[in-house]
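Quick one: the structure is below, questions incoming.
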Amino acid sequence: MSQHMPPAHPFDDDKLKEECGVFGVVGVTDAANFVALGLHALQHRGQEAGGIVTHDPETGFQSVRRFGYVRDNFTDPATMAMLPGSIGIGHVRYSTAGNKGQTAIRDVQPFFGEFAMGGAAIAHNGNITNANALRRELIDRGSIFQSSSDSECIIHLMARSLQKSIPDRMEDALRRVEGAFSVVAMTRTKLIGVRDPLGVRPLVLGQLGDGWALASETCALDIIGADFVREIDPGEMVVISEKGVESLRPFRPRRSRFCIFEHVYFSRPDSILGGRSVYETREAIGKELAREAPVEADLVCPVPDSGTPAAIGYSQQSGIPYGMGIIRNQYMGRTFIEPTEQIRNMGVRLKLNVNRALIKGKRVVLVDDSVVRGTTSRKIKEMILDAGAREVHFRIASPPTAWPCFYGVDTPQREKLLAATMSEEEMRSHLQVDSLRFITLDGLYRAVGEANGRNPAEPQYCDACFSGEYPVEPADMIEQGFRMKSAAE
Amino acid sequence: MSQHMPPAHPFDDDKLKEECGVFGVVGVTDAANFVALGLHALQHRGQEAGGIVTHDPETGFQSVRRFGYVRDNFTDPATMAMLPGSIGIGHVRYSTAGNKGQTAIRDVQPFFGEFAMGGAAIAHNGNITNANALRRELIDRGSIFQSSSDSECIIHLMARSLQKSIPDRMEDALRRVEGAFSVVAMTRTKLIGVRDPLGVRPLVLGQLGDGWALASETCALDIIGADFVREIDPGEMVVISEKGVESLRPFRPRRSRFCIFEHVYFSRPDSILGGRSVYETREAIGKELAREAPVEADLVCPVPDSGTPAAIGYSQQSGIPYGMGIIRNQYMGRTFIEPTEQIRNMGVRLKLNVNRALIKGKRVVLVDDSVVRGTTSRKIKEMILDAGAREVHFRIASPPTAWPCFYGVDTPQREKLLAATMSEEEMRSHLQVDSLRFITLDGLYRAVGEANGRNPAEPQYCDACFSGEYPVEPADMIEQGFRMKSAAE
Amino acid sequence: MSQHMPPAHPFDDDKLKEECGVFGVVGVTDAANFVALGLHALQHRGQEAGGIVTHDPETGFQSVRRFGYVRDNFTDPATMAMLPGSIGIGHVRYSTAGNKGQTAIRDVQPFFGEFAMGGAAIAHNGNITNANALRRELIDRGSIFQSSSDSECIIHLMARSLQKSIPDRMEDALRRVEGAFSVVAMTRTKLIGVRDPLGVRPLVLGQLGDGWALASETCALDIIGADFVREIDPGEMVVISEKGVESLRPFRPRRSRFCIFEHVYFSRPDSILGGRSVYETREAIGKELAREAPVEADLVCPVPDSGTPAAIGYSQQSGIPYGMGIIRNQYMGRTFIEPTEQIRNMGVRLKLNVNRALIKGKRVVLVDDSVVRGTTSRKIKEMILDAGAREVHFRIASPPTAWPCFYGVDTPQREKLLAATMSEEEMRSHLQVDSLRFITLDGLYRAVGEANGRNPAEPQYCDACFSGEYPVEPADMIEQGFRMKSAAE
Amino acid sequence: MSQHMPPAHPFDDDKLKEECGVFGVVGVTDAANFVALGLHALQHRGQEAGGIVTHDPETGFQSVRRFGYVRDNFTDPATMAMLPGSIGIGHVRYSTAGNKGQTAIRDVQPFFGEFAMGGAAIAHNGNITNANALRRELIDRGSIFQSSSDSECIIHLMARSLQKSIPDRMEDALRRVEGAFSVVAMTRTKLIGVRDPLGVRPLVLGQLGDGWALASETCALDIIGADFVREIDPGEMVVISEKGVESLRPFRPRRSRFCIFEHVYFSRPDSILGGRSVYETREAIGKELAREAPVEADLVCPVPDSGTPAAIGYSQQSGIPYGMGIIRNQYMGRTFIEPTEQIRNMGVRLKLNVNRALIKGKRVVLVDDSVVRGTTSRKIKEMILDAGAREVHFRIASPPTAWPCFYGVDTPQREKLLAATMSEEEMRSHLQVDSLRFITLDGLYRAVGEANGRNPAEPQYCDACFSGEYPVEPADMIEQGFRMKSAAE
């Protein structure tokens, strides 16, 4: 539909896609403006739609939810005037577990519910893996769902809780849900943040004068000029009011399993994860990759833009010069009408152009962050060869992506993943390149700071997309026919 | 106004801006689709508006002109169906010499006129420096202008020519105009391209099967899969029909003066100018700059995106590691409402974020393509220092911009140009950086391939923005009070 | 807000306004097209917004709800293709009991709920007088309301019913609600219609080949070419499937009290109520008025358009010629910017113009349907006098409107009603006309067919707006401070 | 296209359509608001598009031209603020002689031109019958047309005039054009009005305080509260400034031939033509028709809305009761999707509904203003019979329309006009009605006030659509193949 925005990354259709970003703020004048800025900084986590809820004593809760970019929806004074108050939360989404391709505006978060004790709004990043079962149970008992979103379960569970306060009701509700979820919520006066016990998805706390902010990533604190205080702990619930930050632990403690793919691709390079900038981690991945998979070549060239830091690292470690052999068109967008067959590969030309004069006659190392379906890797390789490259060597800054993610990431079905059906050599042959090498899982763990690599007994991260080892059983998906990795695999 | 698109580059307001891109094609099925693609590739040359004219024997000339991006205006099937035919031309514009800030759709090119012998459409990149005088003369004789654009003079001069054929009328008309102009025009069957005698603005010829294309830059040939044949010569007029390319020389020959700033900033890095990619030239500028203005430092960091190739060159020449210390937000756009004074420098934060962890404690070389008003250089310096950089050294890949351009480029008035009123040292002090160095004019000439640097007697390029030496007298501007460089300066 | 349509009647702001129209159809191909047509014919009952829900075995329930006219929202093929199926219901609304002036799209009917046994959609015309109390009770028990509409209570009551089938759940729910309600509802296969026990609001049944339709008025059957079968009885519930029409009586029987104002103003003149066209009833009112309140005059002139049939009746009975002394502008709409004070009464001029040549020097009888706040009566009188009328005599086709309606009609607060604070003579003097006469309540009853007039012990109609005798206690309004007519009044 | 508004009259497609309305005002604060109001009152003369030009010393000439209704385009403060000044003119149009169905915004009047002595804007109602020849001549001499409108010729002729002042240039220009034209024009300080020598189209002068207004009809003076001063004479040119009204006679005097169809259908009933309201004239036509063509019947029923005054007259003269047997839907508009074949005649049902209870069993006289193609007459007859009418008698308030109009009215080609190919009896038989009678041409002349009927030697009106006698030779149409009435016909 026309109100759905075009993708802003080249080859978005061949990437794993983070599905949500959340942001909340309390104790600031005109909170909605801060939320809009925070969401704008998190736009890479979801481009389909966004919403903001605020509360003001005079007008009560106000909500605006729209398809499209934050910059287009939450910048005009008339809209922002509809969102008064000093507390607010917001959400950007790609699609989450609602019906793909049929997103209605009623599926766009934050969700709002009025309870006997007052109202609350809630938004989350992640996925509730037992949402289907919960929904059936709630409908049987008379709840009416307004959306097809898994997040709405939380609101209904809260409405039915016998607890008095909203934070207590939220605890009640969250103890019933399984999966990966970083939640921001708000009552009339309190900003609430929760991370699931495994801490799969990120959530950080910032301070801004007397006010506080919660965000999926630190880059959203930077844009509003807030200081980064700390990450919310896995399993922690913070309840923030003008009095300060109260920390609760509503869940049984478990060993954390942060999503390793946030380091590889999802998070913005200028965000800080585990005390280090994501950019530096990616550069380190490139260096590790250069050590693991060296090659004789004339030029290290990133697949823009996500492959850039790893390419710089690869160049630094290997000593092979770095150059921008592929130029990205900054005005990408809607699909042009394909002219006649005189044009081949137009889709790719719309997004990228090869720097022919630079590539010609060279042995080129192409560094990309991941290979999902492999369709674009193949097109890029052809462009590079058409431009006269002598050799093409792919180096991938993550292990082969062989399993879908069920924790808030949009992945193709397993059979569409190139690595689910092919070995590394088969992939190389399929892509018809001179060499193809992925970083090893141990290498990736080393690059993110685990000097001894992955602990196979108790992996330090969620790496299910690479390993097939799911830290939370994807109950809804198994019900729909997904087959877990067998012991034999 | 809401239909005007936001700028797509950070700090567009502190750059010289190319004001137009032109494209034309003949001898292909559904020419409009090719024109749309070509214009999309030239979008960096003008984001405010665009137009396409085509001709089909059945429907005659058809025209669509709109504010906004090509991707938004020329992609839906209904619009494209309004533009049938195998010949077409198009234009993207920033603003040209029409009234700034009041652009009406009637000022958007291409312009069309019906003459006794049939119709013609015309679009140009550049500026007619005697447009005011011509307009007065034409109105006195009964011509009615539909726009405030200088380009419309050409159509009226053609209408009044006593020549029979349209190419002949165009020759007549162009001999009356002064300035810098690369024209694409079309009749029912012929595609016409002209460059002014000095060849200030670029224009290239491509071939696509049996069809031909004209474009401001080669990147627009790449996107449609056309082969780059050659540049149109300064002072050359090509008349292209299904029979082939006819080359005419309507002007008195002069020594060419191509715009050197096309190399520095205007052209896309993947375009080819003078047989070399613009990317390589910029890398060479960076190397030259490293030789001319070395410094002890820990990190070479580009001001994204236009400073990137020169920064890579500087790093390679100097051996100082290259890193992306500043990250650009990909979703820039409209202006957000400024929250309270708690946020400083929000404008800059919307566009860029500093990679704090990378910058902290380092001596940083910041490489930018140019300094125009200096406002953003100052903001970036502050962000870098706030992030903990130990030293900041600016290196600029062009000489000081001290004079406005009157040849189709949007420049601030002279008194707004930092270099018009300050010496290099005064600028350094004004920006409060540890060092500031511009490439020399000779260094720039060397980097673009003139081994002996600039020939002061007969400069090989138009470098008026640096030198104040204008190869064509800006008559209209002098009439309006502009004061040329005196012999004493 | 811009999406809210302008009023289409002159002086809508000085009329009682019916607040809803409902329509449903089953057993026809592409039901949505029939619903759109039916709603279009009922547009006079609500112009603010409209919605359609359909069900198709393949796509399930689909819903489109929009602000504005049916003709603008439900005519394009893309929208209608989103509403497949052979069963559907729809609703047009003015505003109902939701927050006035803040209508959100989520307040627009039909409402939909998914129950354990399957989904149902529901729309109603009227008002639930105990909605506030029901809502509080439901929220306490964990229901989450999506709207501020009273209708949503019905859906939540249905969700919590322990009955199995949806018609049974609806019976359960409707027995809890008080007020005036004509309901159309649908399950996957059944179309349901209900009128409250007093039958305050209309609902009719039509047949179209093998299909069936329910509508607020017969004019909506005419537009789709359906035959008018009968009115649904007060207190009756019909459950219509492909097998036929089943009639149930879920409520305790009561004596009916149909809204007499439907005859006076709400219903369209070509609809049939009680076996007679509304047009003929209004003509009969005009005749009765001529008998009750004769006057010597030269011209009978309607206040267009609603006063027209009564004026024709008055002319026929009195023998005074009928003429269109006031011409209505057919292109009414948004509010123009008021020019300087040179223009008086612009608002009225935008809607009406006096036929000066016809009026000049005449004694004019102006026939209007009702006087609510009296503001427009006064303006019209001034226009008529300005145009040179010798005398102005107002004749009103309904008794003085002295009490607000709480049964689905938008009325001003009691103190704004002219007749609430003034006697007939005071009103005449206030309006400064030569005479002012309202039809008597008995006269109105005679005109609608009650030969003996009103039965004061057991009035045959709801005439609360004239008499202050409310057949259902308006509990929510009393809670909010409304004071019923005392025995003394 | 979506921006084109729906027709607002039922059966617009089977009516002759006036193609323009003009309005101008000088000497008032915020002239644009007055122009908007005036155009709103003239909307019945053209619904496709409208434009306003104003002049203010500070901002110069400003113009806004849009597709759609005045009420939608010229009511918001932002638009009106773009049109400052105390002088302005405006235009509403149906389509005029431009390419039908392909109207571009550049064809929308007023047109503006900048001449050596200053600018002027011009708008006209009517048609220039030698526009094609003029256009060819102007193009040969180097004029560039921006539109396909005949009106643009006037501006180019003015641009080429050797006169100094704009009124003088306009005289020069108008002496070259043939046809029917009522012009309003403006310079920076003067409002100009002109009627062609025959005075085919109307133009009236009004006074408003110290200001003056020109309008196609008096109803546009009423809406702004201006006093009607007089009609502009045929062949008169008025030049109005703050000093007063100067009257010129630039043309050779001729006997006037006002369009008689303005009385029948084009003008609004509340406008005054020749000292009498159009309503009264139409009532008189109905009376004349009752005398010429009486019939035994039970009900006189208008085809709404244009047949209403004549039906009232027919009823009064014949003594047969008047009743609204056909009710018009007030919310007409876009085309609904046709449901299945279960619905016959849906198009007609969308616009009208029969008042069945009133019609049933009666002998009905249907009074319509004209019969053009006869398609709707036939549908209405069927509706009436379906509703149970016993007899149907058509009475038409104009003679048979047998010839197209070339003076600013949109008529079907001659072969589409029912009366061009059939006698009155053949038409009756074709329409399958009990009787069909048109008023005679003499009867019509009597009704408009010519006691002795039509003077065949020197007809007092232009009645070419009835008589085929064209007072100005339609040169362009003859060139395109139109065949005038032969002596034998």
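Chains here go by letter, A, B, C and D, matching the order in which they are written, and residues are numbered from 1 within each.
We take it that a contact is a pair of C-beta atoms (placed from the backbone, for glycine too) under 8 Å apart; a residue touches a chain by one contact, two chains touch by 3 or more.
The structure presented is a predicted model; accordingly, all values stated were derived computationally and were not measured.
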Farthest chain from subunit B by C-alpha centroid distance is chain C
Subunit A to subunit B, mean C-alpha position gap in Å, rounds to 37
Between the Cα centroids of subunit A and subunit D the separation in whole angstrom comes to 62
Rounded to the nearest Å, the gap between Cα centres of subunit B and subunit D is 51
Residue ranges of subunit C touching at least 2 other chains are none
Chain pairs satisfying touch are A-B, A-C, B-D, C-D
Per the touch rule, the subunit C residues reaching subunit D in their complex are 6, 8-9, 28-30, 33-34, 36-37, 40-41, 43-44, 47, 69-72, 74-75, 77, 80, 208-209, 211, 219, 222-225, 268-270, 272, 276-277, 279-280, 283, 305, 308-309, 312, 316, 321-324, 327, 329-340, 342-346, 349-350, 353-358
Seen from subunit B, its contact residues with subunit D in the complex are 106, 113-116, 139-140, 142-146, 155-156, 159-160
